[in-house]
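This is the structure I want to talk about, given as structure tokens.
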């Protein structure tokens, strides 16, 4: 009998709320202390797809703060009332094991807010972009070797970055590679450094944040050259998820969406980072695209975000949809979503690791468009309708329509 | 050039809120005083399907109250603030024309509430079931002849009936037909009489209410024998429509719906009828099935209805969905739907008339399962997911997948 | 220096969610492990009123189930995610001490639902009403003696009873006292037995539930004869609390409330008991009175309750208020309240104990009307406006207007 | 018998949504085509207070746009579905009469947005501040004479201005009066010019907007010198009204408000003006003060506004209140307010005219603090609790407590 394949899940931001929840989940499922609720990849339709066992993933990652994975878990317990003491106790040995795989992240190309959060932490002020990439790649390679991993999937679950300032070197790999070897200041944000390190080492890279990652012509050129599997961006966890089923409903009923206004309250580190208007802008773009792309006409759309510290990891989103129907009659619908951000994100991260590892095993390369249902801004995909995105996933993975 | 086909739309309950809104819509669209918002059949995907023009439908119907179609329109204007005076003025001549096609409904087999509403009205206390069916059929046949109609679609938009008391004669047409010719009291509710009259006259029959209609083995046997096109039941206009896209979302994300509670406020005649606990029970069954059939596990589901007179035709529904996700984290979502019942129903009635007339033209017979997306309780269809119901509609009508 | 007065708080239903939360709160405040948030009696305006220290209350009670106070606390932790493990650990010794004061409740006069919940528990099937009252009174007297208490306040936090069947003996104490000594089956529900036992022993009695308690002419006659302090009924903790400030707002703005519909979801034992339609009816009466008494006109009011097990102690209430204003314009407001029932009730129970003990010290007797702000159905008080109820409380207790 | 007193109500912004609704209401009530719903001054408690009849007010005003009062009414009918055609027809003659009292407003000191809205309108570009004040005063005086009015109340219902840039001349009347006679550019915003014109002519002045009006030391000095009655500012019509009863509820229950987030959607001209970030800032300050001043601690408060054109005059506000109670338990409440802005404001404007005219008749002078319940930012009043504000009103006007 062939030995079980060994898959590594490398988290950029391992000690954050999402990162530590992912690690806790892997540990808990591995020890059969938790069921697999919330994992798309555990739906019956994928049972025979040959996905790696979620509890067998080996977790590692980069982190710039001093917070360990176990710290992250305990913080979520203390601040947001998540997890029982029992669960934390049972998972602690595994979490300590995963923590031994965590390496210092880079402080190159981070925003001021992240720089502030990382103060006194373990992040490294690498001398140059080239040396940063070399160091990060080394971490990945040694993780793979040490744990005899068949495949490693790198997923960015760090803080949202502002939209990157475009420069000429972003346009082609030949231009960018010249800049990268030089001593000039980095033209790449941190997320791109992690992305580059991943693909240079033969890992898959997925961006679960709205950051730049590999979304620059030069980097995509490089990824394609290297035959890397990659995807993103910005996990579709809550309000936008709901939009992606409600907007099609209005479209299927030929109802005119006059205006769709969404207001989001969030209190975790993501919210803190979003107080930076630039980071907020990059986030809002993603949240706003869904409605416009699905419903016809030219609805007014508004998305706003308030950082409400008291909510911690609990996100509250209120959406008000004003629409008109037969004979111009104006009607309205509103919803309030009260979800725990990291607990909605974490299972999707595990899903992405499993689906990406499957692609690697299958020898695929390039953008993993079939993963669109996981993202607010699926790269190269214009269809934001969750149902049809999900059908694409099923068709790609199991080669048939969902029942 | 071939002459345009002429389609008749026969409304059981022509002077009610839905009936009169349908008539107003047909008139307004015919006179180009309104666009076709809210009409599913006007979506671009159906542009080449060969559907009859909505503004060219010839409207007639049965009614038991003395209220005319124009009265119904004016009542909606006065009580619920619908329609502008201009629109009513422009449509009035057509509505008076349609009213000339309205014939007395039957008082046989109606509930006590409907009987009360019909007091002093034009409903006929037919001597026997057989004579009622004969009279109603005659109305349909003469409508078709008088207006030189190619096809007539009968749609029940009357009041909700209670679930019918089952009797042995319901089990087969041979048994039922014997009872029908006798003098014994009717074993069929009014909705079934209309249904039977329709199919005996070669019309299609669709039940937009939760009433019995043709949903008895004996009647379905008869319908199949006659090669009738039929469908139903209970129009999916508001809260249940939303459920049919939200429930799949939870399923696609492998989130456990713990409980789904819906509370509906409505103030129109439908609400009034629903104060009868039996009528309410038949309605709630339909509203409740959607969630259970889509999400796994065994969620608690609760549906309740309050008759709130002040709302008139404006229905307000509040749903609270309690669910758990990764590592058992409990979360919640709620929505409030504020829609105008008759204005959501009316365009779907026109859609159904057009799609049913197309089936008749195509020579189809039997249950029109492809119309499932229009109903809370689609006959013989177990799939309540709006997206996949809509795909079935498109595939059936235009022979290809929706884009 | 005079010794601190010693106050006993006797909870009917000590092991229930509210009872155990009260006990935990007293213990936690006593050990300075919790602040006094949620305690009305700790507002600055009452600082000099001479109230007993909340952390110094001695807790005891009656209970029919086998559940101990510590069990109740742990159940709330497990099912509803309340309290930290640390807090429970710190309070456990005190809770065990309180538990030693808990005595078997009576199974006489309980509803079938309570009878079922109490199966296998410690409730006593007393031989007769008289012996039940004697036994319950004895428990109170011995509690007072054993702990050298100056005053004991008995508060019913047990399950809601159905409205009692009125009999002739309820009309006067002379009639009732004759029935009570006989062997005939009890004409009093359990809540009245506890009430009677309390006043016969010189304790104050307050009903925090919608049960009968002392609200029968015969019992009130007896209470007045004995000079007892008493009050109730049905704690105003959530939805009704909100109503009691929102309804005055509409009244102060001369806006017409057309309809006010409230729908409550609750999943705790109270909800379970309310599945009995009779118990539900007694609850709904209380919730419904507030709006009608405050706003003019004749608004439609609707109150409904669903038992939603998944919510456990978390109550969700949705209210929809339809109103009209200037020139008849119709508008709407809705709110959703998401509160933890026992955690809203528990501090009010402590407040009531403190305020009642103060009345006893002052030598007052009779209905404590100034406590109206705590109740949905304040006995003998018709004013449901929270602000004016609160002013009455302040004026009564500290002899001046609130600032 | 003494002749009825004649009161003039002068509206700054007479053709706007609020202004025209006020005029329509006065006309409709005068012709007994509408009841007095929404008028605080018509509550029974004020029946004997000697207030002028609301239907007998003589309406005039200033306006910078070309829109007439009747235009304003028709626009509201067309865009927001307000008023029946019948009502408009019945009121039209009175409205045309009122329109004859409307004079050109000034374009001095208006914001760019108002300037744009006023393009092609009747506003006057007065040569200097002094000549503007003289002209506006003249309009008021001639209105009073022409209609033989006993008293005139000027109420600003125009667009919200940005907070004024403070200059030295604002500090005292002696300084300001020197600047006003000069040729230098105006140091006063338009609202202050109207306020000054009002008090110089012996009229009362009330600011229903968040604009500056008389709220400058120099202008208040002048008002006091002239013995003028004045008040403001920023009408408390919707979301803030609700806050002013809900915040006290949390305070009375000793619950800690952790965060209170309000998001407002509005689509009328007010919303359009608020797209100017400066105007928005002045509005938000008023909306934000209420909560902080009532609940203790230091809650996070957030207020945001989106201009949603499709809503026109219908304002939707959603508030989410996160609070903690006993033993630190975190709970939440949310509400959605769906009101018609102008129809909530208009009756309060009539109330203010009546109450202010009464003050003038009584010979009072200075700030009318007893009108605090009408304002988001009551001048010189720190109490934002609606109940106690209302008590102050009743005590001041009828000399006794509200029943």
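Chains here go by letter, A, B, C and D, matching the order in which they are written, and residues are numbered from 1 within each.
Throughout what follows, a contact is a pair of C-beta atoms (placed from the backbone, for glycine too) under 8 Å apart; a residue touches a chain by one contact, two chains touch by 3 or more.
Quantities reported herein were computed from a predicted structural model and do not represent experimental measurements.
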{"item": "Same-residue or different-residue interface between chain B and chain C, half as cut-off", "value": "same"}
{"item": "For chain A paired with chain C, centre-to-centre distance based on mean C-alpha positions, whole Å", "value": "49"}
{"item": "Centroid spacing, where centroids are CA-atom means, of chain C and chain D in whole angstrom", "value": "45"}
{"item": "Chain A residues counted as touching two or more neighbouring chains", "value": "81, 332, 334, 336, 338"}
{"item": "Arrangement of touching chains [line / ring / star / complete / other]", "value": "complete"}
{"item": "Touching residues on chain D, where the partner in the complex is chain A", "value": "81, 258-259, 261, 263, 265, 300, 302, 304, 306, 308-311, 316, 318, 320, 322, 330, 332, 334, 336, 338"}
{"item": "Contacting residues of chain D [partner chain C, same complex]", "value": "21, 24-25, 28, 34-40, 42-43, 82-83, 87, 241-242, 245-246, 248-249, 252-256, 324-329, 331-340, 343-344, 346-347, 373, 385-388, 390"}
{"item": "Residues of chain A that touch chain C when the two form their complex", "value": "81, 85, 336"}
